[in-house]
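Sharing a structure with you now.
Should a chain be cited, it is by its letter among A, B, C and D, assigned in written order, with residues numbered from 1 in that chain.
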Amino acid sequence: MSEPFLIGDCMTGGYGKGPDILHDCTIAVNPGEIAVIVGPNGAGKSTAMKATFGMLNVRSGSVRLDGEDITTLSPQDRVIKGMGFVPQTSNIFTSMTVEENLEMGAFIRTDDISDTMEQVYTLFPILRDKRNQPAGELSGGQRQQVAVGRALMTKPKVLMLDEPTAGVSPIVMDELFDRIIEVSRTGLPILMVEQNAKQALEIADKGYVLVQGRNAYTGTGQELLADPEVRKSFLGG
Amino acid sequence: MIVVEDLHKHFGGFHAVDGASLEIAKGSITGLIGPNGAGKTTLFNVIAGVLPPTSGRVTMDGEDITGLPPHELFHKGLLRTFQIAHEFSSMTCRENLMMVPGGQSGETLWNTWFGRKRIADEERALRAKADEVLEFLTISHIADLRAGEISGGQKKLLELGRTMMVDAKIVFLDEVGAGVNRTLLYTIADAIKRLNEERGYTFVVIEHDMEFIGRLCDPVICMAEGKKLAEGTLGEIKANEQVIEAYLGTGLKNKDKLEKA
Amino acid sequence: MTDTMKHSLLFAAVGLLIVMEGVTDWGFFSGSWNSSLVILNMGLISAIMALGVNLQWGFAGLFNVGIMGFTALGGLAVVLTATPPTPGAWSAGGAGVVMAMVMGALTVVSAVTVTKMMPKGRSRALVTIAILVVGFVIYRALFDPAIGAIEEINPAIEGNIGGLDWPVILSWPVGGLLAAGAAWLIGKTALGLRSDYLAIATLGIAEIIIAVLKNEDWLSRGVKNVVGLPRPLPFEVDLQNDPAFVDRAAGLGLDPVLASTLYVKLGYAILFAVVLLALLWMAQMALKSPWGRMMRAIRDNEVAAEAMGKDVTRRHLQIFVLGSAICGIAGAMMTTLDGQLTPGTYNPLRFTFLIWVMVIVGGSGNNFGSVLGGFLIWFLWIKVEPMSLELISLLTSGMAEDSFLRGHLMENAAHMRLFTMGLILLLVLRFSPRGLIPEK
Amino acid sequence: MDLLNALVALTNFVMIPAIAYGSQLALGALGVTLIYSILRFSNFAHGDTMAFGTMMTILVTWLFQSWGIGFGVLPTALLALPFGILATMALVLVTDRTVYRFYREQKAKPVVFVMVSLGVMFMMNGLVRFIIGPGDQRFSDGERFLIKARAFKKMTGLNEGLAIKTTQGITVVTAIVVVALLFWFLNKTRTGKSMRAYSDNEDLALLSGINPERVVMYTWLIVAALATIAGVLYGLDKSFKPFTYFQLLLPIFASAIVGGLGSPQGAIAGGFIIAFSEVTITYAWKKVLNYSLPESLAPDGLVQLLSTDYKFAVSFAILIVVLLFKPTGLFKGKAV
């Protein structure tokens, strides 16, 4: 099997000097794929994603992007390497307009950003209408679109989403997933953490079920949905 | 015991709690579940007096307790724990427990200077009680450690222990299981059960872990979008159509889009 | 080395500095016991102030930068308690002043009641403003003629209302009470606010208190100062005229003038030390009791302490009032020591921020630390000036005697003390952020 | 005619001084608010930063004067101002490197920064007194008045004169230009936007590749410029004295908080609110009332609500009222 595009390989570690939260945890994603991390509360889902993004100490194991070892890079350097990250909360600049949010997303770029912005507006048409409104005035779902749009502005090689549907209603959630699928179809690898396990696995090409910071089950989304063990313990029967 | 009537809590345009009405029966262990952002923690905070409600009413044993500050609710027997443990980190675990009971004579400055004897007697009794609680929770060995240095799970136990230092009527537990390993989680569950049976505490438990809920709670209330969605046993809740749609999920309408070219 | 030993050594070192000041005139020491005792006395007062601030900051995390105001109120207390009443002042304007004060209080109370009772809206704002305006007009109508009458009485040496003619020692607790009253008012309004807002509020109130002292001549004679305050100890001149005293001094081989000054200064030192020890004991007892445990819990985590039944607001108010009262007591002691009230000399750098340096350098959260900081920083505050003079004359020794730069540097060397205090504060914050004697 | 006189008196003694003072406060408060929103602490050393900038400007002014360089009708200090700004920029950058950066890396709590700024305040205060002394310095030269009272009377035939000092004119013009530049910078340039982004959401700014050290550096540079300009304008208008500048801290903080800490618009509004209240409440209204009221109602006293020495009480009272009724300030500020 060839090396995946982005892989957090056998990661063990925790925040600061605290106890280890992850134990030998592996997650990976390839172009065109949506990889989803699910699991019960406190299982280390977000932690695994943050480890991949360099926000905590990985004591053993490594993170590789496109074959390059990036284990020791800071999150900022990883952004420059092409990783786009959308945090779960406070993921937009509330006092700035939608357009300024997108501009800030492209802060590290020195080339012309108008094409990318056009693409984002095409993907999220509602943002075009609200481009001059402060992002803080938008609804929950629209904010998430701004957040994803901001991350896309860096022209990332991989997009990471931390619980993009947290706190939005089911309908909005479906719409967001819809957009995520569209983004994925442009060939961009997407790695996301999801609370709403069932829906997320539906759209996942690859699913990771974590328990206690370890890989408990791994497979395609459909496989996991069909797995009676997984159904029993995480999906409510 | 606790009756919540048409409670609203708005943050700007966001309706975190949007007309919630529910009742907590005396002596029950009620589970409160619902998706992230359903308003469970906000509801907790409004009942516990941390946030003032936008409108609505909360009563306890028929007495209106809406908007009372937390320290007054404490003296009425309404206690709570926190989603992220709120230990007193620079104090030892024993001190964390000993500070809890109200009306200690040593809390009056005058007595600290001129009532040393009385304080010493009270302290002895408090210390014994704290040690008893630590034993009950099977964490006697950490009594003299600073609370900031113990593990997350132990902090949760310590929080539960604080509620045992007084005769509480009702205890609200906010995600007591988050970040706690399974063995410790069962210890917590056992402690809750025993407190409920032996001391007659009423509990309200927010949890995501269905197994934990199933082990402890009856009835279970499911919240979504700031309202009560359903109430019943865990089995009933799991079978409830609305709950499946809002929390457990039905599936994606746009599945066809997955078919890739 | 145990902590206790280390801390005792630190105290001994500061003690040694003060003794050296009396013994030797080597380097920046002056070799004068007088100067040594002056430093000791102000050191004792500074230690008390630091104790008060530590109570607020170290125990409860309250950021009070209005210490100057409370100190000044203590000073006012000495005038109001210990000076004899000005003849005719009360009959001339006493009633008017009292009535004006009552009117002022009534105005504020009714304005507050109205804001509480009426529903929010334009009419509430209008009614409140109307009450305040009418109240203010009546207040001024009563107040202005009354103080005019008082200030007309023998303005060259009196012109103020005078005091109660009580023993001056009593003015110390009265100073504490005055400061406590002011602190209660501020605490009631500003304690719920964020820490830096409280800081600005206290900074403001201190400026206002000073402005009152400077302007209300009927109260404190303003910038004309109140001099010749009564004192708890005999005057040096009287001692020198007392044959028994002169004999005893001669027996010790001392010149009567020197002996009398030392006697008085030592007397003050003993009085102040008694107050300091009493307050220190009280603070220690409180800290080590359930009360102290509760305060630590509140400082660690206000939300949880509140949820565990502790009335955080009330406790904050209590400790804010207590800490300020201690500053008031210290302020009264200082004015007693000076024998005069000089409203024009109160400066926040010296009376507020210097105390903060003491607390932080000494070790916030530790009573002994604050006391040590009080002595040490006060010693440096006095001695940095001669130190920097020495330093500058050393550095500029190569320059011509009449060089402009040298003259300028020598002339301004005194200002190095602020610079040095800042430097000490920054160094401690950087390399020993918990202070010399850290909290346990 | 009397009403016109009243109006002129009002303009002369209340409006013009308040507008000038308000502009100075607003510039000072902008500096405080910028530090607060980017570095997230209340900078107690701001008054002394202003004093340092003004002192440097004064020194350069004296140098120019000794060389015989003047600025015609305008004060020479305006020529010296850029040098004062540069010196202040150097000072604050050095301070940031040697002092504040350490705590930033430690992610220290805001209150620790406040303590540290107290230390910086002491040092700057000592430095200024050491270099220029604690005394009063007047350094305004050039033409004193734009409009002289006597000329105005002659021109209009009114009893009341209207005088506008050159320094007041300069203050207002400079303040408008500086504020316009600042807002243009914050809203239109890439660096300005990155500063707003950083102030809004530090973590997300990092994720967007914004370099925090650069943002902090630009903030200090702007603050140094604002502080120096505010200080020099105040000094030209009144006079320079280190202690007065330290005391300006209170009205400046009051302005920033009343407007809403962290909001530039708020800082400006707050500055004018504080200035106008201070001037109107401490102004003796006798003259204006004498003109505008019928003879029978003319007041006996000065009709001064509070003596000028209570001007701090005014800032303070407004501050307390705003904090009690609208704790985030008039324009929504931010909380750390």
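A few remarks follow.
Note that in this section a contact is a pair of C-beta atoms (placed from the backbone, for glycine too) under 8 Å apart; a residue touches a chain by one contact, two chains touch by 3 or more.
Because the structure is a prediction, the values reported are computed rather than measured.
Where touching is counted per the definition, chain A and chain D have no chain in common. Minimum number of contact steps separating chain B from chain D: 2.
Looking at C-D and B-C, the interface holding more C-beta pairs in contact is that of C-D. Taking the mean of the C-alpha atoms as each chain's centre, chain A and chain B sit 31 Å apart. If each chain is reduced to the centroid of its CA atoms, chain B and chain C end up 46 Å from each other. A straight line joining the Cα centres of chain A and chain C is 58 Å long. Shared interface positions of chain D, defined as residues touching 2 or more other chains, are absent. Multi-chain contact residues, meaning those touching two or more other chains, do not occur anywhere in chain A. Arrangement of the chains shown, judged by which pairs touch: one closed cycle in which each chain has exactly two touching partners.
Chains touching one another, given as pairs, are A-B, A-D, B-C, C-D. Residue ranges of chain C in contact with chain D, taken from their complex: 61, 63, 136, 144, 189-190, 193-197, 199-201, 203-205, 207-208, 211, 214-215, 347-349, 353, 356-357, 360, 411-413, 415-423, 425-426, 429-430, 433.
If you check the complex, the residues on chain A that touch chain B are 19, 32, 40-42, 140, 163, 166-170, 174, 177-178, 181-182, 185, 195-199, 202-203, 212, 233, 235-237.
Across the complex, chain B meets chain C through its residues 48, 50, 69-71, 74-75, 79-80, 82, 86-91, 95-96, 98-100, 102, 104, 106-109, 111-113, 116, 119, 122-123, 162, 166. Here chain B touches chain A in the complex through residues 14, 35-37, 151, 175, 177-182, 208-211, 225, 238, 245-246, 248-249, 251-255, 257-258, 260, going by the rule given at the top. By the touch rule above, chain D contacts chain C in their complex via residues 41-42, 99, 102, 110-112, 114-116, 118-127, 129-131, 133-134, 243, 246-247, 249-250, 253-254, 257, 301, 305, 307, 309-310, 312-313, 315-316, 319-320, 323-324, 327, 335-336.
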